[in-house]
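Here chain A shows up in two complexes: once beside chain B, once beside chain C.
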Partner chain A sequence: MSEKMSENKVTIKKGDSVLKGVGITRVFGYGKSRNVAVDKVDFDFHAGEVISIVGESGSGKTTIAKMILGLIGVTEGEMYYNGQPRDISSHKKKKEYWQGIQAVFQDPFSSFNIFNKIDDLLIDCINLMGMKHKSQEEKVEMMTEACSFVNLKYAELTNKYPFELSGGQMQRLMIARIFLMKPKILIADEPTSMVDACSRATILDMLLKLRDEIDMTIIFITHDIGLAYYVSDTVYIMEHGKFVESGSAESVIITPQAAYTKRLISDVPKIHEEWDLSTV
Partner chain B sequence: MLHQIKQVFRSPKFIVGFIIFMIILLMAIFYPLISSVGPMQSISKAPFTAPGTYVNIEDAVRDTGGQLTLELPIVENRIEDALTADEKQKMITWLEDNGGVAAGELSADDIETLINTWNSTYDPTLVVQGMLTSAREEYKRIDIRVKSVLSVTGVTIAEQGEDGLEVTGTIDYKRFINVNDVANTFTFPLGADNFGRDVLTELTSAILTSLRVGLIAGLIATAIGLALGLLAGYVGGLVDNLITFITNLFTVIPSFVLLILISNSISSSARGVEVVAMVIGFTAWPWTCRSVRSQVISLRNRDHVNLSKLSGHSMPKIILRDILPYVASYVVMALILQISSGILAEAQLSMLGLGPSTTEVATLGLMMNWSQKFSAWQVGAWWAFLPVILSIAFISFSLNLMNTGLDQVFNPQLRDS
Partner chain C sequence: MGKVMLEVKELTTKYVTRFNEDVYAVDHVSLKIEEGKSLGIAGESGCGKSTLALSLMGYYFSPLHYTSGDIIIDGVNISGMKPDEVRKSILGNEIAYIPQAAMNALNPTQKIIRFVEDVIHAHDPKKSKKEIYDMAVERFKVLGLPPEVLQRHAVELSGGMKQRTVIAISTILSPKVLIADEPSSALDVTSQKMVIKMMRELMEKGFIKSMIFITHELPLLYNVTDDIMVMYAGQIVEKGSAKEMVFDPVHPYSKGLMGSIIVPEAGTREVKLEAIPGTPPNLKNPPDGCRFAARCKYAKLECRTYDVPEKEFRDGRMYRCIHDVEYLKEVYGRDE
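Right, the complex of A and B next:
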């Protein structure tokens, strides 16, 4: 059963609550250029769950992701991490927070610093996880393991620069990074929208395999409701900075309540069926 | 990195600019080594000595070895050298008006007939009705000059002895000596300036000093602009507002006015080359700051910066590792432009007399200032300012060409199709 969002409030009990937001609001600019990107949304994410936040461009999906990651501040509202109010007031506390929450971004080509070698990226992760003291051999072993998890060979990648890899390889390397850090929560901001169709399924499967292995919560940010249905347990539909509908993937997609959700579903092109562009 | 440097050296514009710049630089470095005089050494007692080789007259007269008699049109050459076209025309006019010569009979090209007619006809005692005394005197002077260059008697050398002058020898008018046999000669390739300094040697030292001024000013301006731009762009918020406010303040006040005010308020005893360079650097940073800031703003929201934050890197490390390399090529270009404008700013300031307050060190601007103060233009001493102007023009031209070449390498959109 889908639940009509009267007060943007959703609570789905499944496992323990890892991340909870109450009245989260983000406002950009002021005066005439004031823009409310995210408007008093509430959410509650649970351990081991795959959540999708679905909406069109400009609906505020990425802003929510960045607030959850602590990359931008929250204008109003309170976030709870592992049941405690989230504290990212200092750099040290942020580092602790980021040990438990990580992200994979949309564009693999801009996710890498092209001036640094691939090894640097992976070693950074090992260092953040408090394993700076480990010997070079141990670090190489960890990196080799992480690369083989995503079907890459570390020996072929070492001393290479990111621009020497394909988009699919880069995105898999991003997942290898997540494998090294084993965070509690992973935010995947349209991780498959810029890779080819063949790599897309591989990357999704790897993410889900990783979820099963380390019991990670995955938050998918996507505009593709079909993908959301395929991967997620819970779906949040976002329009103009608000959650208009949420619930289990089946209930939201099979019996949508909100008009916006229905439109999103009707916009999914289907093979063997004429696509009615007049409704787009 | 190596790949980028290779690409830079494939850009024709960069190569042309680089070659021009290196020629000027190498000349400035190596010419003083082969020059026999110091750049600031006063050689000539007269201001604005024209370019050429000067031989000691006494040495030339006394030299007896290697003397040569040449069959050359010596007298004709002397006349050509002694009389201007205007004076020849005046001679023709006098002869036609007062000497009974038919109009059109004489021409300035047939100098032999003109001189012969002049010698047989001209009468210095003749008082022509209505002719000004000054004009009559001028004709007399022309006559004396014609007579003196026609002299083929040679020169008699006499020396002061106990009983008065004693003739020690004569020099035939057709005698020549080898310049190399004269003990004392000096060549001014570009003449001498008002202080009697060899302009070419002084110019090479001035180019080096001006490049130093440009480099100091450029480094200071780029360092300040880069630091403030990175900070404003990356940190944003209040810091950004504050830095942008200061930058705008500096931008709305024309930097040259600011430069004049600051230079003027520094006492002339403290205004050395380095101080002027620093003053230029401290007023030239706003444009670098603005453009670095806008570049950093577009960079700070890139995924690789976000990822670096998520990897727990501190702000200084992110700025140095994830932002700076991306703006580095731009900063190098800005530095080149700042060096070029630093050299021009020094020249402008010095022209106004607000540059380095010294006559012991030459800069391109100071050389212009001196040539202006000592009326080089009015006395026709082109060698005192033209080489300086060309040096300034070629240095900024080469630096700007290098900058355009770099720009085309780093911004493929700008490449020539």
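Right, the complex of A and C next:
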């Protein structure tokens, strides 16, 4: 099965468009309670690029992430994956799509099945990648490698349940999963908002290292502008379901044009410039 | 030198686990805050920041137990008091506490004014409802909160508004010390700024005499407090003014913490983030010697054997490391 899939795979080089959206719209409800969560947005993500989608709560960031992942439908608009229209009409095609696109969420504890041991969680990833036929020894070797990539020891984790790990360990285990899956696109939805500044640095380091290794595209969904500035090549600023500003991190965050972006940046505490409290 | 509002001497408190093991989460902590000053406490998750906050209130309930040390609020030692006594005479009018998710503490079936009545009646049961209402309206106006909020239920308010309401209610008796434990980390940046602005106003208008602000978000701490204290594994490892601590840290751990700061300012993108390897020690059986030694780049053999005392090297600056300041400065310079 795995060979068949690799045949179908389109080879993408660094800089090629991996995911493109044209006029993407998502509407929740109808009639009086009609709510346009995402309103005709266009985007173009390239291989090996780090993108941040920044906005406040309720701006539609997570809705975009869910649409990209194919967890919810798109009301209007077209999405192109590897240059071809995205097709996730059947379960089989969805499974194929998910081999190339994966996600890390805010709360690592809600992302794991609490009744499964850590080994099973990692073996699931290997199986999903079409490597079910591999021997147990080979699987253990792969898991050990993945764990050591995120500075965890497989021998200490084996036979443990998710609740026996700390938040930082869990979040790193999520990255180990990504390491096993080696997706083309990774969506990181607020991956560091539950951990302290120190673990945040570790997690960002690991994600960027992974990006360099397998030319992965990373899409950060975040409200942390400092983080967006530090990690990303391209930043999209989102307000009420629309992108109000986009461009390179340097241009958007250091010389913002839109009033919304300016306000957002002025609200973040800084250490080299004066933090003006009179503007709220 | 201003009047000392809060003085803590060698405070030690412990958690007792269900297997009867002692975990010293606050270990010989001493600190002092003068009138009109604020102190920030920074550190990783699990370093004892929140336990210190709970201990300072003198309000202990299992599994947290008082072991030794003194807590002196404006000349009164509260460390030996019974929990009931503390609740009646200390909490609210001497010391106020705002937990992280304070906004979730509001009972959804009650109007906001009921909480104000609760706080005031706990200390002065004779006060009439009219008096309390007038007092609350006045305080809310001064703090820039619409007085209509008092007649609303908690569910009708936004997260940021709820948080500011809770802060206004808990400081209505003008406490001498306000302890804020991550008061803004559940909020978005704009609401956070409003909360911080309000806390500044509380200080400026003299409604609170001093403040302890706990967070792991260093840029915020830098902007809010006068002094910063860094905690590691239940101990204080460094203390100094906010500016000195952020730009000129001495202890290797503080140095690591400051290296993880991310701010959206020109030029900060090129600076490489430094993560401290490893995890904090288990406090059930803390290591001998310096507790940070296992993760420290500059650790020597002696670090793991001798207990390191707190060293004061300049007025108000203190650190806990076996190395001299000059040596540390030199090695930091070499590494950069």
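Just so we're on the same page, the second predicted complex is superposed on the first by the 257 of 280 C-alpha atoms of A that agree within 3 Å, B and C clash if a C-alpha of one lies under 4 Å from a C-alpha of the other, contacts with A are read in each partner's own complex, and residues count from 1 in each chain.
What we mean here is this: a residue touches a chain if its C-beta (ideal position, glycine included) is under 8 Å from a C-beta of that chain, and two chains touch if they have at least 3 such contacts.
For clarity, every value in this text was computed on a predicted model and none was experimentally measured.
Taken together in the superposed arrangement on chain A, chain B and chain C fit without clashing. Using the contact criterion defined above for the overlaid structures, shared-chain residue A:Lys95 touches chain B, although it does not reach chain C. Once the two complexes are overlaid on the shared chain, A:Leu71 sits against chain B while remaining clear of chain C. Between chain B and chain C, the partner in contact with more residues of chain A is C. Legend: residue contacts after superposition of the two complexes on their common chain; A:Cys125 is shown touching chain B, with no touch to chain C. In the superposition on chain A, A:Leu180 makes contact with neither chain B nor chain C. When the two complexes are overlaid on their common chain A, residue A:Leu152 makes contact with neither chain B nor chain C.
Using the contact criterion defined above for the overlaid structures, shared-chain residue A:Asn113 touches chain B, although it does not reach chain C. Of the two partner chains placed by superposition, only chain B is touched by A:Ala103; chain C is not. In this overlay, which is a superposition and not a single complex, chain B and chain C have their closest Cα atoms 14 Å apart. According to the touch criterion, chain A has no shared surface contacted by chain B in one complex and chain C in the other.
Across the interface of their complex, chain A is touched by residues 302-304, 306-315, 321-322, 325-326 of chain B.
By the touch rule above, chain A contacts chain C in their complex via residues 56-57, 151, 166-168, 195-202, 204-205, 223-230, 249-250, 253-254, 263-265, 267-273, 275, 277, 279-280.
Interface of chain C with chain A (complex): residues 44-46, 188-190, 192-194, 196-197, 200, 216-220, 222-223, 246, 256-257, 259-266, 268-269, 273-277, 279. Only residues 66, 69, 71, 91, 94-95, 98, 102-103, 105-107, 110-116, 121, 124-125, 127-128 of chain A touch chain B when the two sit together in their complex.
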